[in-house]
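Got a structure here, written out as structure tokens. Questions coming.
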Amino acid sequence: MDTLISKKDLDRIIDSIVETCQVFAPVNQEGIKLFQEIQSKDQIIWADGNCHRSVKEIFFPITEPIFFYKKTRLGVKIDPIQNHNKKRVLIGIRPCDAFALYVMDQVFTWDYNDELYLALRKNTVIIGLSCVRPEPFCFCTATNISPFEERGSDILLTDLGNGMYHSRIITEKGTAFTERFKKYFKEITPEQELKKEALANTVISKMPAPFPIADIKSWLDRNFGHPIWEELGLGCIGCGTCTYLCPTCHCFDLTDENRGYSGQRRRNWDSCAFDHFTKMAAHQPRTFQWQRFRQRVMHKFKYYMDKFSHLACVGCGRCRALCPVGKDIYQVIRAIQKETNCQNQNLKGAKKGK
Amino acid sequence: MEKTIDQACRSLKDELGKDKEWRPNIIAFLCNWCSYAGADLAGTSRLKYNSNVRLIRVPCSGKVDPLFILRAFADGADGVLVSGCHPGDCHYSTGNYFARRKFALLKRLLEFCGLDERRIHFSWVSAAEGGKWSKVVNETVEAVHKAGPFKGLEPHEGSDKGDKDE
Amino acid sequence: MNHIYQPSLMRIESIKEEAPDVKTFRLVFLDPVLRQTFHFQAGQFGEFSVFGEGEATFCIASSPTWQGFIECSVKMAGKVTQALHRMDVGEVLGFRGPYGNHFPMKQMENKDLIFVAGGIGIAPLRSLIWNCLGSRDRFGKITILYGARSVADLVYKDELDTWEKRHDIHFTKTVDPGGETEDWNGRIGFVPLVMRDLELDPRNAYAIVCGPPIMIKFTIQGLDAMGFKPDKIITTLEMKMKCGLGKCGRCNIGHIYVCKDGPVFTFADIQALPAEF
Amino acid sequence: MRARIKVIRMNEIKAKLKALLKNAELDLVIGYGERKIPTSDGSEITGICPLFVTRESGIDGLVWNRHCVHNLVTYLTKKEYKDYKKIAIFVKPCDLKAIYVLCQENQIDRQRLLIIGLACNGMIREKMGISTKELAGKCITCRESSEGAVARCQKEHTDLMIESTPEGSIPSSSEKKALTLEDLEKMSGADRWAFWQKQFQKCLRCYACRAVCPLCYCEQCVCDMSQPQWIEKSPHLKGNFLFHLVRAFHLTGRCIGCGECERVCPMGLPLTLLNQKMIKEVKDLYDYESGKDPEQAPVLSQFRVDDDESFIK
């Protein structure tokens, strides 16, 4: 059910919800665009381009205490953290980040429900903003989603350029939110609808072609030991930049911090690029950096597909832009695609030869 | 060693926490051969000096790693005093010379980060200078008292709801 | 807010010194309801928390048939294990679990069972052995081969004696060359070599192997040579774990998560995995 | 192999390297290579990244231009490159000083290296992967320091030398560095404390600064140790404060100001300020400059009886 909403009405909605619940939006913090809590609507930056850090940190924080404990003579007393039940609204999230949350939900609900993450997800309304002018390093269309992807957002706004936003409701949370502010959402005229579709097609047409995901996966299935991995991974210095900025990287570490007889257990982000990620007393399965580089590519384009039939890469381009030594997962997959093509030729050649 | 520093800060905080008015919580690293003996002499000759100091004995002032001092501040000390033998008296002959360079550079790094310079003190106290030791401790406590409680390293609100102490 | 990473509390009921660096802890849940409802299967593991030090992964070494407590045998290695070894009876530690899959008891019914263990690797097998001995008639011939670096390193010494005395178990114990004492009555030699002298009949048999990676490698080669089919050789794999339930992303070998799809694997599963462990 | 061929062009260097690779006098060449980055609107931008050449055919990929901002010396101490016997490496003057410190600390054997010096007068800054028009942050600070000394030491200690500076106009350093060392020193203690608290709270602990630093080569960093655990692993203020201060102190008297840590920080922390301050203090207190001469003893492993002790009671 599509509607139309003007920029002014949108600002009025934001002003009213800022009092009642936490509102997060892209904000400029010393030249870096980040998702922060806002107090007023003018803090929001509506301009194009994604935030520097992905929105996952609002649901899966960089570091968070998961419980506190106190050691007494009688034993140990655990006092849990408060419930994450504050109502929150997230505005201006890009479709790739929103879809990344949809992808990460799969692992956080695999057999065991991670209440820490899911409680925050349940209490947050996500109002996505589709990308009319993608950034140079974006490649979401290559990972089979689009700058107008709907999955992951509760409501998807599209800036039609004339101060009006096309708004599409995607989930019940979206309907509830639109219901609450019924008077601001106007009826949509068919030619506005067409305008949005035309805008979407023009933007998507210019974007990179999709990866042949099935071919890539079947190549990855068979080529864990392929020598190309050492070449592709050479030069990676093992910092955590790509994993910490990635919207779908969900690995974490649990550590205790003790002060005398009390303390807390914390959950922090962790990265497969680090050496101590898999280092055990007995042995270290991934000794060289290119093996860890391979793990990241394999996890996103094969293992996640095996377990949850979703790519764990949404093509946001952050890791391409900020890698200190210019590693680029998009070019890695295109290189593998070239490998699959020449392997297909060999197969075809073999067939002909028989 | 890091558990010793944590325990020292802890026990001092518990003991000082009892009376209402805040008193500075100081950790002192003393070299075993001169300063520790000097402090011992101060004790045996019944010299009165401020009691809110916890001493940690180290083999030599050269052994005091900047990490010990940073750890002390992180664990809640309001001030740190490091004391060793006078240059030339070192039991290991050159320990305090190397230490002197480390402390000079560490003091400037911490000041550059904005740590109040009244919180960190260095001194040479020989085994015979019981009087000087009590004077040094009183001066240190006085300076740290002026600098006030060290609230610097409480984790900020954003990432966690503060350290839940007892 | 309670969540899946919050451990339940257990009290140490007894500590048994098994070897110079191995202790067995018997733990009882503080929560009486849990004491009744908790059940697990042989081969599953748990995440044991020493508050202030961290969490570590150990298999549950007691048999599922023993009620009211669980046991785990811990070798002193890192931060958490050393803290555990400093604890004494009555102290409280945390437990999350049981996690992972378990030994395939159904397929092993009325089959011959061959247990090959090395060092602390006997802990998961001990749970399975006592579980099988609990209903001995469901299984065929049981052979146990257990080796360790030296006599002092042998774990569960008294239980080894009871197994030796039982006439329905073919029990062989060995120590590495140089690890024997004067009154040592067992074999001397590495486990994979001693195994060759036992007449192991691969037909209608399962071999369960557990121990240091080097021992597993050569033992499986030996079993292969004796004609054991890859799907009849069962072993456990060990990777670094933090959450123990498939979320923290570090214990994967290829697309297999050792904490969810393991730790018990057949040699056939392992052959399908990339050579990354 | 110590041929002191001085002033030659890039293509002559390439021919020389090909010859050396052919008769196995060289196992690896670490230089700068160009890569075509496909962007979302179908066009391509050229990006520079470290290039590792083991075969002759790869030599043509080597380039030297305004975007070669990386310090390649960081690879010399990494596990993956330790077993190459003979390595040729392209170094700018700021990178070259890192090799001296590594030689001082016996981390690399000078005989294993064929050092190819590059005369540099300023690299271009990259923002979110896209080149801007301004001078890179580290080049602003380098320009202020004595340029003469840099050029002089380059002439003496390199094996081969490309005298020609990269083509293209020298990028303007219009955008003065947002915050210089002097600004911070003028601030009061409390303001500085507030400033650094705000900066350290932004840190993610992605360890890019440590991974890219040529002088951070410890097998296991003190920040990764759990027995004893000196520094909290969590990226809250206390953990970040300890991490950055321990790193700053471990670089005291060693850091050569190559500015890589600030370039790679995804959160834009002004990390070089800490190191620039310590470079200044070490110069002022002990008249010592790191990375000037491979044979001199490191500043903290020597002392003088008349060192300053005015601050000691």
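A, B, C and D label the chains in the order they appear, each numbered from 1.
Rule of thumb we're sticking to: a residue touches a chain if its C-beta (ideal position, glycine included) is under 8 Å from a C-beta of that chain, and two chains touch if they have at least 3 such contacts.
Just so it is clear, the model here is predicted, and its values are computed rather than measured.
Contact tally for A-C versus A-B: the pair with more C-beta pairs in contact is A-C.
Rounded to a whole number, the gap between the C-alpha centres of subunit A and subunit C is 39 angstrom. Centroids built from CA atoms put subunit B at 47 Å from subunit A.
Look at where the CA atoms of subunit A average out and do the same for subunit D: the two points lie 32 Å apart. Centroids of subunit B and subunit D (each the mean of its C-alpha atoms) stand 36 Å apart. Within subunit D, the positions touching two or more other chains are listed as 229, 234-236. Residues of subunit C found to touch two or more other chains are 54, 78. The set of subunit B residues that touch two or more partner chains comprises 159-160.
Here, these are the chain pairs in contact: A-B, A-C, A-D, B-D, C-D.
Of all residues in subunit C, those touching subunit A in their complex are 1-7, 9, 11, 30, 49, 51-55, 77-78, 91-94, 212-213, 238-240, 242-243, 245-255, 257, 260, 274-277. In the complex of the two chains, the subunit C residues touching subunit D come out as 54, 78-79, 82. Taken in their complex, subunit A has these residues touching subunit C: 66-67, 69, 71, 75-76, 78, 80-84, 107-108, 110-116, 119, 224-225, 250-256, 258, 263, 265, 267, 270, 272, 277-283, 285-286, 291, 295, 298-299, 302-303, 306-307.
Per the touch definition, subunit B reaches subunit A in the complex via residues 6-7, 10, 75, 159-161, 163-166. Subunit A makes touch with subunit B in their complex at residues 61-65, 68, 70, 79, 81-82, 258-262, 264, 266.
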